[in-house]
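The structure is given below, and queries will be raised subsequently.
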Amino acid sequence: MAALTGFAERRPLGDNAKAWALNAPAMVVIALLVAYPIGYSFYVSLQKNNLKRPRAKRFIGFDNYTSLLSDHAFLNAVKVSALFVVVVLGLTVVLALILALVLNERFRGRGLLLSLALLPWAMPGVVNGLMWRTIFDAKTGALNGLLQQLGLIDSYHAWLTSGTGAFLFTALAQVWNTLPFSVIILLAGLSTIPSELYDAATVDRAGAWRRFTEVTVPWLLHPLLIVLILETMNAFRAFDTIYVLTGGGPGDATTTIALLDVQTVLTFTDFGLGSAYAWVITAITLLISVGYIGLLYRKGNFEV
Amino acid sequence: MAEVRLEGVTKSFGGKVAVDNLNLTVEDQEFLTLVGPSGCGKSTTLRMICGLERATEGHIFFDGKPVSWLPANKRDVSMVFQSYALYPHKTVRQNIGFALKMMRVPKATISEQVLQAARTLDIEDLLDRKPRELSGGQRQRVALGRAIVRDAGAYLLDEPLSNLDAQLRVLMRAEIKRLHVDVARTFIYVTHDQVEAMTMSDRIAVMRDGVVQQCATPEEIYERPANRFVAAFMGSPPMNFVTGELADADGTRTFRSPALTVPLTGPTPPATSPDDRRVVLGIRPEDVTLSAAPVAGHHPGKVFVVEPLGPDVLVTVRIEGELIKARVPTPFRLGHDSTVYVGFNPNRLHLFAAADGTALHAPEREEHS
Amino acid sequence: MSTVVNVPLRYRIPWKKIVLYLLAVGFALYLVLPFYWIVAMSFMHEVDAISVPPHWVPTHPTLENYLGFVRPNTAQELVGGRAVSETPYSLRNSLVVATATAVLNLALATFAAYSFSRLKFRGSQVLLVLYLLTRMVPGIAIIIPFYLLMRSFGLLDTYLALILSYTTFALPITIWILKDFFRSVPRELEEAARVDRCGWFRTMWTVFLPVAAPGLVAAAVFAFMTAWNEFMFALFLTSTKAAKTIPVVAANFATDFNTQFTVMAAAGVLAVVPPLVLALLFQRKLVQGMAAGSVKG
Amino acid sequence: SNDSSSGGGSGDGSVKFEGWDYEAALVQQNLDRFTKTSNVKVNYTPITSAQYVQKVVAEFTGGGGPDALYVYDDSLAAWVEGDYLQPLDGMAGVDEVYDAIYPGNAQAMTYDGKRYGLPYYTDATCLTYNAGILAQAGISKPPASLEELEAQALKIKSAGLLEYPIGLPAQLSDTWWSWVWALLFGSGGNMFDDQQNPIMNTSDTVTKDVFAWLQQAATKSKVIDPASLQLLPVPVDNAMKANRYAYTIGARYASRDYNDPAKSKAAGKIRMGLVPSLDGKEHGTVSNTRMYGLAKDTEVKDNAFKLLTYLGGYDSDKQPYTAKFWFLQRGLGFAYKAMVNDPTITAALKKFADPKVYTHLAEIAKPRNVLGVPWYTEFETEMHKVVQGVLSNQTQPSAAVASLAQSAETLKKKYS
Amino acid sequence: MAEVRLEGVTKSFGGKVAVDNLNLTVEDQEFLTLVGPSGCGKSTTLRMICGLERATEGHIFFDGKPVSWLPANKRDVSMVFQSYALYPHKTVRQNIGFALKMMRVPKATISEQVLQAARTLDIEDLLDRKPRELSGGQRQRVALGRAIVRDAGAYLLDEPLSNLDAQLRVLMRAEIKRLHVDVARTFIYVTHDQVEAMTMSDRIAVMRDGVVQQCATPEEIYERPANRFVAAFMGSPPMNFVTGELADADGTRTFRSPALTVPLTGPTPPATSPDDRRVVLGIRPEDVTLSAAPVAGHHPGKVFVVEPLGPDVLVTVRIEGELIKARVPTPFRLGHDSTVYVGFNPNRLHLFAAADGTALHAPEREEHS
């Protein structure tokens, strides 16, 4: 048999080589454009580096990171962020799933609703922030006006002045904003499910709920995985909305790590510490993402 | 559950009518087989019965109760899909056990029943594979397993054996029949295999372009087809047809065509108008006899094609432009173009109106054993 | 037949439809009400916009806020006059950048995603996580080095700088999105195309990608939107109307000293319109089923 | 392109000029005039104000900075330390300018003994009140002391005119809270001594007393709007214009809008007053200064300086042309002492404020003395949070000052 | 192209061997049919020939040239997928014409050829539908159309007719045969239909568990099966098997089992060891004769089951615990439990080794015609 390989034609690439070749363009672009910035930012995170004191710049190893452990603001921000992620993620995923399921049905006005579902996405962050500010405004806000006209409140409230209020309303605004991404991904995921599977499940006496858990969910695990990862990432980095609505207040109630990070880098121009914050965010989201992957990837990994 | 009744059921897909004013009653515990050419509406009919497709018109009743508005999961029917529709994300075991799980059968019972079904279907060692890793026939067996493992009021099986080899098919056929007897429920079965249809069914409904042509016992269908379409459709190789007209010669009714003259016995319809006289004579290949030597009343012809079918030989004979197929026992020793004498069993002749193909005359019912 | 019609058929209340429509209306309100407020404001005079109780429908409707964008004279009178004059350009810039980003992204991601959905190769999972990792470092940490990089390429204030940066943002996620959709394209389709004498590229182009269209559209929407509403990088990488995008310009309506709510609202409405139109055009693709009727089993 | 080298001139002597995007169209208009008269081309880029500092920092770090630019007084120290700016000492006309402006402004533009800017605009913080509402409640004079302010507010409140007569912008933001500083300076207090050591919990009790008053007014007598915690300056302005507050403490500049009938329902009723103090006798306030600065690495120093002079200094008629331009166009406060005597200026000023009060405020205003420390921004941010705690009754005044002192010490150590 | 040769081809799916050391040569222009039980590796073999699956071991040659590394699109083969694999986004017309388009055939030619193929397949009026709007059989015909419309070096057809009705299947069978003659290319055909296999093929390869059991002409396979498996597999109803041993009684070789004693004629293998003596007697149902009256040498038995097959009747007879099936012409008039006398056509007896099933004796080759 060995002789045969002698006159075999040019061997095509093996799966390994093919895969790397296919990944090459993406890897080159990414490496070219972000490898340096990412590496640089990590390097900076090992420095004492405040632009206000450029002459004091020096390499300090992991001091920025160790200092975080005793950094009150940071520890509090981690707590706030974690809570924010949980609330926003929970709401987003549930709402997005319901909306995607609705959109996956046939009914009049579906196209319109789908376009509306994309609307919050298309709104530039600044406009979005201002929109929510005018809505939640204590003096002239639309929410106050609406609730009062509906007779639900007697007088205008300052929704964002209590810690919990600020937190919840900020989260609501954030959810409105990040909903479209999840909806689109889940909806596209839904559209890949062959309808005959639902037929089969219906005949197998599965009601709507069981069809959902037994057919829809397994098929949605991977799209859900993306949604979870990205929404976690987004919620951890939520900045625009929070900044415009509360600036992180009252007190520390809505100061998330992202807010702290942006403030540290841009307002305090402390690049060293800011980069360390950024890498902590990276590490946390990476850890959570790997957790999601470990939880969902294999379960949803089947071929049709 | 039990009796399935379709009343005036019509289904059209955007103008194209797939099932046309169907009236059909499947008795309790009956085994009804739907046959018909590809695209005649068999699957659509099953899908309507099972509730996956809503009839454009007409209504469906289970045991006299209308179910048109009942969703499929409440209809208590089990179905094998023509396209299998296996759950790609579940293992074979989970696929088969799914309906049981939905019916809240205890886990232990499920795994036992699944195992038993898998044993029956000879897919016991595939239980932990995903459908993706199965061969065509294996997938089909999983689909079958999914339907038969559970208890249902009616079983709808859409070509459940088409991708299986003959051996397995025979076994599976027996299993399905046994299940039918065991559970004593209504079965509606779609198949293209005539042997299957003939051997398994209490009744056969022959469909064509969404319309039921005849619904009767297998013998009836085979022996006394309601029209030329049914006669042609059932039986393989199909019945021979010769177009000609009725004539009264020498006091006996005779069929006459350019090639053939066949005397008819028994009651034949009175032929009044010339149109009525235009008829088609039908005779099944196994009712055609061939002899090498001339026989009285036999027609001389030439051997055209000889096809061995294993136990029999299918011989096509040319008689003045008409091609007549005869099925004769092996061995057949005449070669191409040899002259052969063709005889028609006079008790097995069929007559159909040339105009619309309705049966005018069929052989007397025979008593078996 | 008449007897058939008279059979007392139990008609069921279509709960499903009712719930569906209720949910649809609920979501529509949730999605549209905040935005409606912006729209309403954009047709109001500043004074009406902050009245108590709010006017849900503009009492003295005006087009002034919009006309400013086309009539620079009125614009001069307004706070943020320069931003007003830049708005039309920025819309164009945003469209170009977002579209290019979407296209470039799909082009690059398709290859990579294909490898994850079809090929078994060592390191695939690690590579997937690595892609994600590049996206997990917050933009704030890389914006300065990225700015330096773009500057050394001489790309500041060009479309290309924005397109490249957004591509790197969107690429990892696009790969993740696409790999899932590719996975649900039956392998047999691809095989059939190969047998029908298509090389790999043709197979992709004529069979694979059309079947995976919903996923492609979803990924394209994602990339488009990423580029459409990104603010920080756009701010740093652009400085003139040659490349400024709409978020950067819209931000100019809100200064420390004054905020022209109504003009800003108008700009916001304008910013939302192009993606919305695109969405309306493409929504069919997004919800079309993928491979119905193509394979048995 | 425009970033071929640091300093950024494109070879034809044109000046790359950057500023935050306030009235960019007007700026351009003014620059066009400069180009016409001087033949120096100016390449002007307005930058979103919220990100102005960050972008300029990025540009200087990356080496693509402007030649001339706007500078906030609170960025000055950092930008000097960062080697972005060069001193103007000894350049033509600089001393003249510094002699002609209010000392507070001059101080704000000086770092480490060197002068780094020519004035763009300045403002002092004042008490702004709605005379109409006061009159309705039977009050004829603005309050001189905080006690009085609270009493007047209570009167308005009990008259049922307003639920909360006083509004203050107290949402967290990365700009400074002038009203806190104004209240402190108004009562002659300070948080830091001249060596930038915290004194708010030791030698100087004003901070604590002012905090105590704030807490009292916000939570006991409830005259300060609790919604303040979510208000930025703009909504406060809107409320003032809509007659929904009787008092606020803010920039003088705002009164122009408040009294503009086209924008305000309270037009004609808004008055300017001195910042009430603890004892009602002593008065002071805080000022801020925006200036034009010169980049250190500029390659077109002469032209850039010409531009600086045009914008922030005297023109050939010995007149601060641009400063006047801004005041007349938009009412921006000026640093030049003599300008208030200009009849056109006075006429314009009279439309929204009493020139005497306006000028007096400018004279008594002084800049924050901690602007030069590198940790000022961090401290300011921390201070906002503490004051929020005071206003919402979560932090007691004594604890508040202690925590401020603590923060200052920590920050100091961090930057040492 | 032409001769397809497989040398030592093995395919395993993660340990599970689907095709095992396959050596097979398909001659140029030959029509080879692959048959075998479900899951025996037929589709896998086709897929390897076609280039969709890479052999784990061994090599494939087209006309002597190794093609193991050649991708499917360069192999110049045409294939009908068992699962159809229609392009869901293309119309029937585009589906069928796709390969032609890829081969840069002019548009006009394409549309003409597509139309002609559609006519042949009787799907002319479905040309503008999408696959999801078709019935199962219609989809299968589209899949078939896609493969036959184009010119290819070899045609691989994986159960292309399984979902068609008997009539259509007969027509399609003829069309495929005609195509084979017209294009004069190599055809490899997979089917579960024995009639198809018997009538269409030049040679039939019978597979089992990935191993070819016998590869020979249809007659050879039917009449002289290489082993018990092939004998059992081909022929429906299958051959009767009775286990027993060889004995020499009265000078003649005799087969003896508890139930039966059958004298053997013709040369039989010398039985030396006791193991060698253990044999299985095989006889096809059509070689079993039944008579109501006793006949010398016939074995008495009881009628157990009677199954009408249309032209014939399949009668299962019980002879002392052994069940023997006989296929006899209609009418058969004995009822259940009647005594019947069973005779075996002595010239049609098969003998297989009990140990491994290899054929020891087969009927002499008969001359037809």
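The letters A, B, C, D and E name the chains in turn, as written, and every chain counts its residues from 1.
Just so we're on the same page, a residue touches a chain if its C-beta (ideal position, glycine included) is under 8 Å from a C-beta of that chain, and two chains touch if they have at least 3 such contacts.
On a predicted model such as this, the values are computed, not experimentally measured, just so you know.
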Practice prompt. Note the shortest touch-path length, in steps, from chain D to chain E.
Written response: 2
Worksheet item: If you take the chains that touch chain C and keep only those that also touch chain D, what is left?
Response: A
Worksheet item: By mean C-alpha coordinates, which chain is most distant from chain E?
Response: D
Worksheet, complete the sentence: Maximum number of contact pairs occurs between chains A-C
Discussion item. On a C-alpha centroid basis, what's the spacing between chain A and chain B, in Å?
Written reply: 58
Worksheet item: Approximately how many whole Å separate the CA-defined centres of chain A and chain D?
Response: 38
Discussion item. Between chain A and chain C, what distance separates the C-alpha centroids? Give it in angstrom.
Written reply: 15
Worksheet, complete the sentence: When centres are defined as mean Cα positions, the distance from chain B to chain E in whole Å is 23
Discussion item. Show the residues in chain D shared as contacts by 2 or more other chains, in ascending order.
Written reply: 51, 54, 61, 238, 242
Practice prompt. Name the residues of chain B that each touch 2 or more other chains.
Written response: 82-83, 86, 136, 140
Practice prompt. Indicate the residues of chain A shared as contacts by at least two other chains.
Written response: 139-140, 156, 194, 196, 219, 266, 303-304
Discussion item. Using the touch definition from the top, list the residues of chain B that touch chain A in their complex.
Written reply: 47, 50-52, 71-73, 76-79, 81, 83, 85-90, 98-99, 102-103, 130, 132, 146, 150
Worksheet item: Which residues of chain C touch chain D in the complex?
Response: 46-47, 50-52, 75-76, 79-83, 85, 143-144, 147-148, 151, 154, 156-157, 232, 235-236, 239-240, 248, 251-252, 254-259
Worksheet item: Mind pulling up the chain D residues that touch chain A in the complex?
Response: 51, 53-54, 57, 61, 77-78, 81-83, 163, 171-174, 225-232, 235, 238-239, 242, 244, 374, 377-378, 381, 384-385, 388-389, 392, 394, 415
Fill in: Residue numbers on chain C that touch chain A, as the complex places them
16-17, 20-21, 23-24, 27-28, 30-32, 34-35, 37-38, 41, 49-54, 107-109, 111-112, 114-116, 119-122, 124-125, 127, 129, 131-142, 144-146, 149, 164-165, 167-168, 171-173, 175-177, 180-181, 183-187, 214-215, 217-218, 221-222, 225, 228-229, 231, 246-247, 250-251, 254, 259, 261, 264-265, 267-268, 271-272, 274-276, 279-280, 283-284, 286-292
Response to the item:
The chain A residues in contact with chain C across the complex are 15-16, 18-20, 22-27, 29-30, 33-38, 40-41, 44-45, 98-99, 102-105, 107, 109-128, 130-132, 134-135, 139-142, 145-146, 148-149, 156, 176, 179-181, 184-185, 187-189, 191-192, 194-196, 208, 219, 222-223, 225-226, 229-230, 233, 237, 240, 258, 261-262, 265-266, 271, 274-275, 278-279, 281-282, 285-286, 289-290, 293, 297, 303-304
